[in-house]
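Take a look at the structure below.
Note that the chains take the letters A, B, C, D and E in the order they are written out, and that residue 1 is the start of every chain.
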Amino acid sequence: MLRTERLVKEFRGFRAVGGKDGVDLAVREGETHALVGPNGAGKTTLFNLLSGALAPSSGRIYLREREVTGLPAHTIARLGVARSFQVSSVFDDRTVRSHVDLTLLAHSSLRTRFLTSVRSLGAFAERTTEVLELVGLGHLGDRRAGDLAYGQKRALELAMVVAADPAVLLLDEPTAGMGTEDIERTIDLIQRIKGGRTIVLVEHNMKVVGMLADTVSVLQAGELIASGTYSDVRSDPRVVDAYLGAHRA
Amino acid sequence: MSVVIRVSSMPTWGRTVLELRHVSAGYGEATVLHEVSLQVGQGDVVTLIGRNGAGKSTLLRSIMGLHPISSGSIKFLGRDITRLRPHRRARMGLGWVQDDRGIYSSLTVEENLRLPRVIGANAWAEERLFGTFPVLGQRRRQMAGSLSGGEQQMLALARVLRMGADVVLCDEPTEGLAPVIVDQIAEILREVASSGATILLVEQNLRFATTVAHKHFLIAEGHIVDHLDNSDVIARENDLLAHLGI
Amino acid sequence: MITVRLVQSARRNQTAGWALLGAGALLALMLPWLVYPPIAVDILAWALFAMSIDILFGYAGMLSFGHAAFWGVSAYATGLAAIELGVPFPLAILVGAVSAALVAVPIGLVAVRTHGIYFTMVTLAFAQLIYYIANRWSSLTGGENGLQGIPRDFVGLEWSDPFVYYHAALLIVAIGFWVAWRSVNSPTGQVLVALRANPARVRALGFSVERYRVFAFVLSAFLAGIAGGVYAIGHRMVTLQDLYWTTSGEGIAMAVLGGTATLFGSIVGAALLVLLEDFLATSGIEATGSVTGAVFVLILLFFRGGIWGAVSAALARLRGTSQDDVLERPPPTGPAVPPSNAAEEATTQGSDVK
Amino acid sequence: MTTFLQASLNGLVSGGFYALLAIGLAVIYGMLRVANFAHGAVYMLGAFGAVILYDMFGTPFWAALVVVPVVIAAGGVVVERTLIRRLVPLDPVYNFLLTFGLALIIQDLVRLNYGVVGQPYAKPAALEGRINFGPLEYPTYQFVVLIASIALTCGVWLALNKTKVGMVVRAATERPSLTEAFGVNVNVWMIPVFAFGVALAALAGVMAAPMRSVNSAMGADIVIILFAVIIIGGMGSVLGAVLAAYLVGFLQELAQMYVPAAAGATTFILMAVVLAVRPSGLLGRQEAAR
Amino acid sequence: GGGPTALGDDQAISNGKLTLAVVTDMSGTYSALTGKGSLEAVKMAVDDYQEKYGSDAVAQEIEVLSADHQNEPDIANTKARELFDRQGADAIFDVPSSAAALAVADLAEEFQRIYINVAAGSTDLTGSACNEYTYHWAYDTEMLARGSAATLTQRGEKNWYIVYPDYQFGQDMTAAFTTHIEANGGKVLGTDATPFPNDNFAASMTKALEIKPDVIATMAAGSDLTNFVKQYNEFGLAEAGIELAVGAMFDTDVESIGATQMSGTLYTTDWFWNQDDEAREWADDFKARLDVRPTAVHAGDYSAATQYLEAVQRAGTDDADAVAEELDGHEFEDMFARNARVRSEDHRMIHDSYLTVVKEAKDVQEAFDYTELVETIPADEAFGPPSSSCDLG
């Protein structure tokens, strides 16, 4: 589904992603693929490459065997790759509904209409309601996004990702900063929205990884050092050493 | 929230260094902290536990003088600091780690570290910081805004260590950190406490909280509703999760 | 309960809106009886010009200090079309506006790569460049003397009477107002507002941020062009003054005075400043700069929403309702520090950004 | 060849003068995020300060050099505390507009009192005449201005890079409350920096008085060039501003020498080219471009 | 022209009063040269007219209006229109800057009222843009060039170097200078266009020192001129034997640079306040009213208004066609204009002009006492012949 070949990203000579030979990552269609690794391993950078926010220094990226290397972020988004942000990134002054409307707009021919009334966005009403129900924000559609609680903002973040009806979801630390209860709700939510989609997930919370991931890849210093099922990876000594810490193994 | 336990006077563990009396604060019309009173003794490691939006960060900001309180008083080292400007409080020995990390993106890593004033004798030297967080050493000339999320978190903690504050207010220092680093942070906090400093920690991760702290305040909707020690927390974990959603 | 109130207030707002529009239209038709007709024409042209600046600044967050270029280019193109080709004036104005839009394309392509105060200064630089070119190319532009005696022909009617011309101008400018209002309240307009708050987010949703910015820029230039054309025909002359940066400053002043991100505030701002300038010209008060400057300072310090913003806030407070009509608009103050994702935007904007 | 050398020297002198004016602007923007459109008006006030002091008290040039910047900087601080400060949390374009309004007022008040006609101001006798450099000869005064400008530029650069000032003020601008929480009294650092930026503009004004026409509009157009300069240099960067100032001065002089028709436009062409290639200017830090 | 008609005063004068309007720059660049002084000069002309004719005056009630165009041509346009259209102005005077003047000339034709330009220097007003109702009263670029370029070349200054601001006025002046220099056997060794405004002329100075002409002429005005002169002295052009000629200069310019720096500078003017007793007397009156010395433009406004009022008096009406008929071909002599005649072909008022030099600082007796006559250029030679592009018959 999503595949990289010898992918490298350098910042002024510092190789944030790539290690020795570049990263070869393969994400199968329909799986949930967790990306873990120490801080600064290059996970977010890899996300930025996959979503087109950054251009790779070398290497290639394929989406459904079509090469998307170097395409701009908005094109990749329209090809069906949606990402969430590590820090919630909502528009404080807009209603919850309009966030979803905006996402739907990006994928509709209305997006270039400038002499059409905003009311034309009403066409999305049904779908918007559906998406909000799905993430559990159905009753908050008219709330100002800035007034939402932290967990609700994360849910809205997910709503924007889901609304695009993407083939691939890139989720960057969806549970960061959440309490246990919110974490469980979010796991539940991700499971609900999944429905056959491919998900790439960055997480530091191993419980979340354990519950969601079909495959886990471990990145260290920009290099892919292990890949496999959760339990395989968990017991890999290199992973224990570099990431988990001895007593958690 | 089922029960609200009103606490008028809190127990202390050791000589009181920080004391809040009936502190209320809010944003605009909304009151977020309701008559919060608490005391923290020297060398204590204390956590504030509560769900998102309970008012934990607001409380720390109020102690630091960055958020105006509408009533109540705050005493630090026996002196009333309620009206003191934040920089004066800092110079008296209060340190603060901001919840969103508060990285200066227009400064390099090194400049970020050099900015805080060195206050106490326990201040960490630069070499010691780089020894503890080697990744920061490697990135010392990089603009701090381009650090990874976790690296920024380390930098935020490192900065406050450099001050050598007597009381460290630490707002979610483990958010977004790899498990191995979380362990390391716990280690560091214990080390800081053992050198005589006091730590007031906001934390959502109960496990982490119990490994570093001895005492815990439960905060809900702006009220301090209970205070527990480690054994209470472990015993009541499920109960806490159910009631407080932590 | 709450929904009912919202619906009621929406309906009330709508009626209020229509009433306001009706009153405005009536006032517009009566204007040449109330003020000297050429002044009324000036108000129209400046109002559309200020509005074109407000679309960019108030909604898309891009403050152009180079809009004099579009006003001026269109004025010259309009004048030349009327003088040299003898085309009727509505067509000449269209020629002018299209020229302005064409000039805006390359400028926009470079300028949208920058943000904030950089954008402001880049647009200024290009406008100054065009000013120098116009000054040098005096065979075309008449240099310092400008173009004089622009004809005002159309279907053999007597348009030389400013009173008559006002109504033609009103029609043209009203179309401009409508385009401005429509595009701000269109899907595209929504994208622009969102983009101002958080470009990285909007890009990740699948919108081409640069393309929207350029589009907004060119559209705004087109509207500024209509305004410049109407003005040129109204005065029957064009001078270098029209291309000078002070013209941009005046347009911004009007937009800010009326209230940014209010669109119709621009009309109020333009009317007030044109009348003020007209008054000062014969009042014997020489402190024109101080008066304009003080207006700026006071508005920015005390009524950042401008006159329109202050009045509508007061009305809303009176009615005691309705955040719904304020909601979809950007706050008049603009985002303080760009919000949470700005850091991400900054890193993804690194030297290797495409 | 001599002509070219002479033109280069002209370029250097002109660049030095731009640098003198631009660093104040760059310091104020780079550290405090205030895009001060009134910088040109302050420059003009500096020149008028020298003229007025001479007319009223017969104050000599050398004394004016010290007194005028101090007095004007004090005024600048008052304006900063009462007006500019309130808009600092907003997008910098708001302060840009505010200072635009202030510039209009300042210029207008000076014009109302002194008219549009230039004010005479004599050069100090010691700096009359010309210096000989082999094949070249240069007006002493202009040369001294160049030296002063280089010295000041170096001084500012050292002050910002060898002390904590630059760092602390940038930090305080980015996150004022956090910086206080680190024990830094933000105002103690920020006020002097603003004052210093203002003083530099006033100083440039005093230095300009003997060699330029002193009139109320003298700062109106130059401020546009100065903004172009600091944008070419990259708005956060003081070093960039200085480099760009010399670059602009140099190119203008060469253009005036060899392609006079383009002289007026050189700065803006340069700016368009630089920004097309590097949207944040020559040495601009990326986040400054936001 | 026909003599006074037998009509009564109330019918002879439209709306019962004569309205003179001064459209000028009260706050912009030209405000010292024109501005309040222009308005005052016109008022003085009205006072003198009323004093002179008393109850015999055709216009018993005279009103003087003014508008400040802030040096913006479009304001000038609107204000002039309003004055003609709504405020019944019979004649407009002054109007600095050629763009504004040309706009007002257009309006004069549209409304068929009189416009007498004093402050703008463009020859287009009596050339391609001339019309029956527009007059050009004082200096123009051709006059300035003839006075300085022709006279100086004849006096032996053969080699010239010209620095001009790169806009219409500068270009026109340079063209006119070049024509007259070459016509008199001189040579223009080089010209140098500079931006406008400009405060740095180092490159021009460098080039001049390289070329070593007899005269360096600058077409800069206002503060640019100040900068130019300061740098001319700094770079030592005077010591290198290069004389300075200025295209257009007024006493206000000398005042702003200081006589020391300016002395020896040559320029052409059509009036200076201490040229003779009559001028001085008027200048004293003027000073009593405004506390400054008048510029040549102020004197020109006085003359224009006076001659306009005289024409009304002769015509017995304020009807523009009748007044124009009285003005056309009229020969006169007044405080401002000597050996003067209004050419009917192009409405250029021709009169003597003067090549002058700035006095040595030690000879300066009082403020604004800067000018010394070098040579008088007779009216017939002072201005160019009527332009072929203008034929008012």
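Annotations for the structure displayed:
The rule we apply is simple: a residue touches a chain if its C-beta (ideal position, glycine included) is under 8 Å from a C-beta of that chain, and two chains touch if they have at least 3 such contacts.
Everything numeric in this text was worked out from a predicted model, so none of it was measured.
Shared contact partners of chain D and chain E, listed by label: C. The minimal number of chain-to-chain contact steps leading from chain B to chain E is 2.
At the far end from chain A, in terms of centres built from Cα atoms, lies E. Centre-to-centre spacing of chain A and chain B amounts to 30 Å, using the average Cα coordinate of each chain.
Note on chain placement: the centre of chain B and the centre of chain C lie 50 Å apart, centres being C-alpha means. Between chain B and chain D the centroid-to-centroid distance comes to 44 Å (mean Cα coordinates, whole Å). Within chain E, residues 27, 166, 195-196 each touch two or more of the remaining chains.
In chain D, 108, 111, 261, 264, 286-287 are the positions where the chain touches two or more neighbouring chains simultaneously. Those residues of chain A in touch with two or more other chains are numbered 11, 86-87.
On the side of chain E, the complex with chain D involves touching residues 27-32, 166, 192-200, 202-204, 206-207, 210, 222-227, 230-231, 234-236, 252-253, 255-258.
The part of chain A that touches chain C in the complex is made up of residues 11, 48, 51, 53-55, 57, 70, 72-75, 77-78, 82-83, 85-95, 98, 101-103, 105-107, 110-118, 120-121, 142, 144, 160, 164. Across the complex, chain B meets chain D through its residues 64-66, 85-87, 89-91, 94-96, 98, 102, 104-107, 111, 114-117, 119, 143, 145, 159, 163. Remark: chain E residues 26-27, 65-70, 72-75, 77-79, 81-82, 86, 97-99, 102-103, 106, 110, 122, 124, 129, 166-169, 171, 195-196 touch chain C in the complex.
Residues 29, 35, 83, 86-87, 89-94, 96-98, 100-109, 111-112, 224, 227-228, 231, 235, 261, 264-265, 267-269, 271-272, 275-276, 279-281, 286-287, 289-290 of chain D are the ones touching chain C in the complex.
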